[in-house]
Amino acid sequence: MRTEILASGFGGQGVVRLGQILGEAAVKQGYRVTMLKSHGTEMRGGYVRSQVVISDEPIDSPIVENADLFIALSLAAYNAFKHLVDSGVILYDPAFVVEIDETLRCTQIAVPAKDLAVENLGKAVFANTVMLGVTARMVEVLDRDVVLQSIMHVIPKYQEENKRAFETGYSFIDGN
Amino acid sequence: MKRYLETGNFAITEGAILAGCRFFAGYPITPATELAESMSYRLPQVDGIYIQGEDECAALHLCIGAALGGYKAMTATSGPGYILYADPYGWAIGCEIPLVILNSGRVGPVSGITGAPGQGEFYLTRYPTQGGNFETIVLAPNSAQEAMAITVEAFYLAERFRTPVTILADQLITDGFEDISVPENEEEMKEMGFRTWPRKINKGPEFYPPTDEIDIPPVVLGHNTGALCSDWTPTEEGYDIEEVAAHHKHAYRLIYKIRNNRNLFSNLYEKTFLDDDPDLIVVSYGTPSRVVNTAVKKARERGLKVGALRLINLWPFPDEHFQKSTRYLSVELNWDGQLVREVQRAVPKDAEVHFLGSCGDLPTVQDLIETFEKLLKGQSLSRRGWELEGW
Amino acid sequence: MDYLAKKYTRPRKIPSTACSGCGLGINHKAVLQAIYELGLEVEDIVWGTSIGCAGRQTFGTWKGDGFAGTHGRVYAIARGLRLALPSEKKIILTVGDGDAFGIGLLHLIHAARSNADLTVIVNDNLGYMSTGGQYGWTTPLGSKTDSSPYGMYEQNLMSDDIDVLSMLKHAGATFIARHVSMDGQRAVESIKKGIRNRGFSLIHMVYPCPTNFGSRELGTRNTIKLYEWIESRAAPLGEEDENTVWATGVYHDASNSRPEFSENIHKNVERIRRGAAL
């Protein structure tokens, strides 16, 4: 079993923290995990990247080459990494990824995380937690409660709001 | 055992503390800064000292001073700082001071790219200072967990061989997050294969005997043993002397204490699918070796007879792994080819040696498998570097 | 020097291999005399030295523990050692002008900045004399050396109203003095104050080099002429005249006025270890 998750957006969106929360949850569940954060070179290119690999065996390559899930939080990131998703799923926020590539074979799901965060919590900063909720629902190996625990651990502030944001995301797929 | 999702820098910090390190002198440089930060946080909690040098040269000299006073000491940097160690590194080799130095490689020359991993210091770690007449110990982990183990081992070897040991890592190992298990007591340390060696004090008066023996305690000042250490060729008592015969004894000790006792760490390598005489042996170290391992496993599934040799002990170079006359491919994070030269030297005359270098980014599994296929078909890899990048 | 030599030095290294007429031995003796007058024993002191005449000639002379650093770096080594040694152990460094004021100036300034308890004796032979005689950072303007055959004209650390000692004072040194070899007991008293200061002390001590400096600048290796040349350019602070190059005496005495480097670090480590929060 090897699950590859790629998250990418621009600086300040919390892409690294997102990867950290997912990785930490997987560690708590007893999996082997690697999580590479973005390189400076990429920051100049307009995107930040987290590459999370989760496995029940020791992980050799920590590089995401065939993502099971790609969380695209900017158009630049979407265009840079969309080719890494073959049979997996792309989650994108249409507030940032304004144009998608219809020729891709993979499943692409629009998650208006920013709008949902503003609507339900009054602040766009909770968009990431919304996205984490969706991710927890989508990625089979991740346990919902453990992901939530990791969010509470990594982001000690605004616990109530983050819980609600997470629930919003978690129920998003089923509601659509 | 406690499990974390943490960086290699965290793992190295905990490894150093487990090994008894209580002194770290740092100087900010990407990507070693976070190790300095993590040491500055952790060391005072365990009665250790973190201090910042005015430059890397000073940082290693501060470590030397602390080690001379009995501390197990460490510093860390990246390539542009590592070259500033040339001065103190030579002194520590010559005066036989146990120290641990971490070099987290990035893309060079000079400042190059701060945020991309590189392997440009393979030879520099062998010759970190001038003058020759010495041997160095260099170890290269390929994961955060292994970086912890290698840090513990580096301190162990530094004490027994009384010499600086370089840990050669790269940005992905030190900055990347991984699940990390940290032992919480001595029993768990033993379970994980960690071994430690206490600082001992040379009582003199023969501080530099002409022998290849290890386990001679290093010079420690402040115990009124009459210990002497300097940058000059020493007599056995540590006096400076301008005599070639004395230098012969000195150089013999510096070289052969390490060469003749390599068995203490020559087990530091990893072999994957090497038992059935593969048609291609892929040689690498550090982070690229992880992609190589994935690629080799996938290639095997496709029926390609490929094996992987990962070096952890880089120097003294382990020639013993290169006895077979077959095809070798060196995979490195540089375009000039460094490890490959040493492989060329070590293999039998009729072996074939190839090179695949990448600059700033890791090779992909797909790249590697395509390369294996080409080589196994007898095709050559000769192409100009820039074509790789599709400019 | 007999009783001092017997008590504190190693017969293998004393008498030294210095050139005939070299003034370094006088400076060295002044340091030993100061140690003696302070009642310190061999085990009370770890002795460090640098590269060049002053470093090499004094390395290994001290009966107790000793070390010699690479060129200019002994201040950084000594600061690391300072953190490891108990506070009652004294560290004395005998170094040269090229080492301290040239290649090692950055490290020296940081040793002063941190007020590390070190007593640095800068033995100044007015240039790089062990390499045959090139000008340094305190060589008087106009002096002829092998690298200033037309007379030294580059600005240095003792020209144009610049004084390396005031630089060190502002960097945080807590005791600074300047002497010439001929100052005798006055120099000994300054060195004693320097050793007593629990902090960074530096004593700048000019000494004559007949072999290289004398032969190039004065055209003679005549020791007496060179000694007179230096003496005529030295005067106690407050008694300077237009010929004075080296005003001698205590420049700055703020002994024990601010926290010492290692004491400060150990105190803070202890505070954190006891559970100080971030």
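General remarks:
Letters A, B and C mark the chains as written, and numbering starts fresh at 1 in each.
One rule holds for everything that comes next: a contact is a pair of C-beta atoms (placed from the backbone, for glycine too) under 8 Å apart; a residue touches a chain by one contact, two chains touch by 3 or more.
Keep in mind the model is a prediction, meaning the values are calculated, not measured.
Put simply, the chain closest to the centre of the protein, by Cα centroids, is B.
Most remote from chain A, judged by the distance between CA-atom centroids, is C.
Chain A and chain B have Cα centroids separated by 35 Å.
Centre-to-centre separation of chain B and chain C, using mean CA positions: 39 Å. A separation of 62 Å divides the Cα centre of chain A from that of chain C. On chain B, the positions that touch chain A within their shared complex are 3-5, 30, 113-116, 171-172, 175-179, 287, 290-291, 293-295, 297, 360, 362, 364-366. Only residues 23, 25, 43-49, 51, 53-55, 57-58, 61-71, 73, 87-88, 90-91, 95, 221-232, 238-240 of chain B touch chain C when the two sit together in their complex. Contact residues of chain C toward chain B in the complex are 12-13, 42-43, 46, 49, 51, 56, 59-60, 63-71, 73, 76-86, 89, 106-107, 110, 265-266, 268-270, 272-273.
Contact residues on chain A toward chain B in their complex (touch as defined above): 19-20, 23-24, 26-27, 31-43, 59-63, 65.
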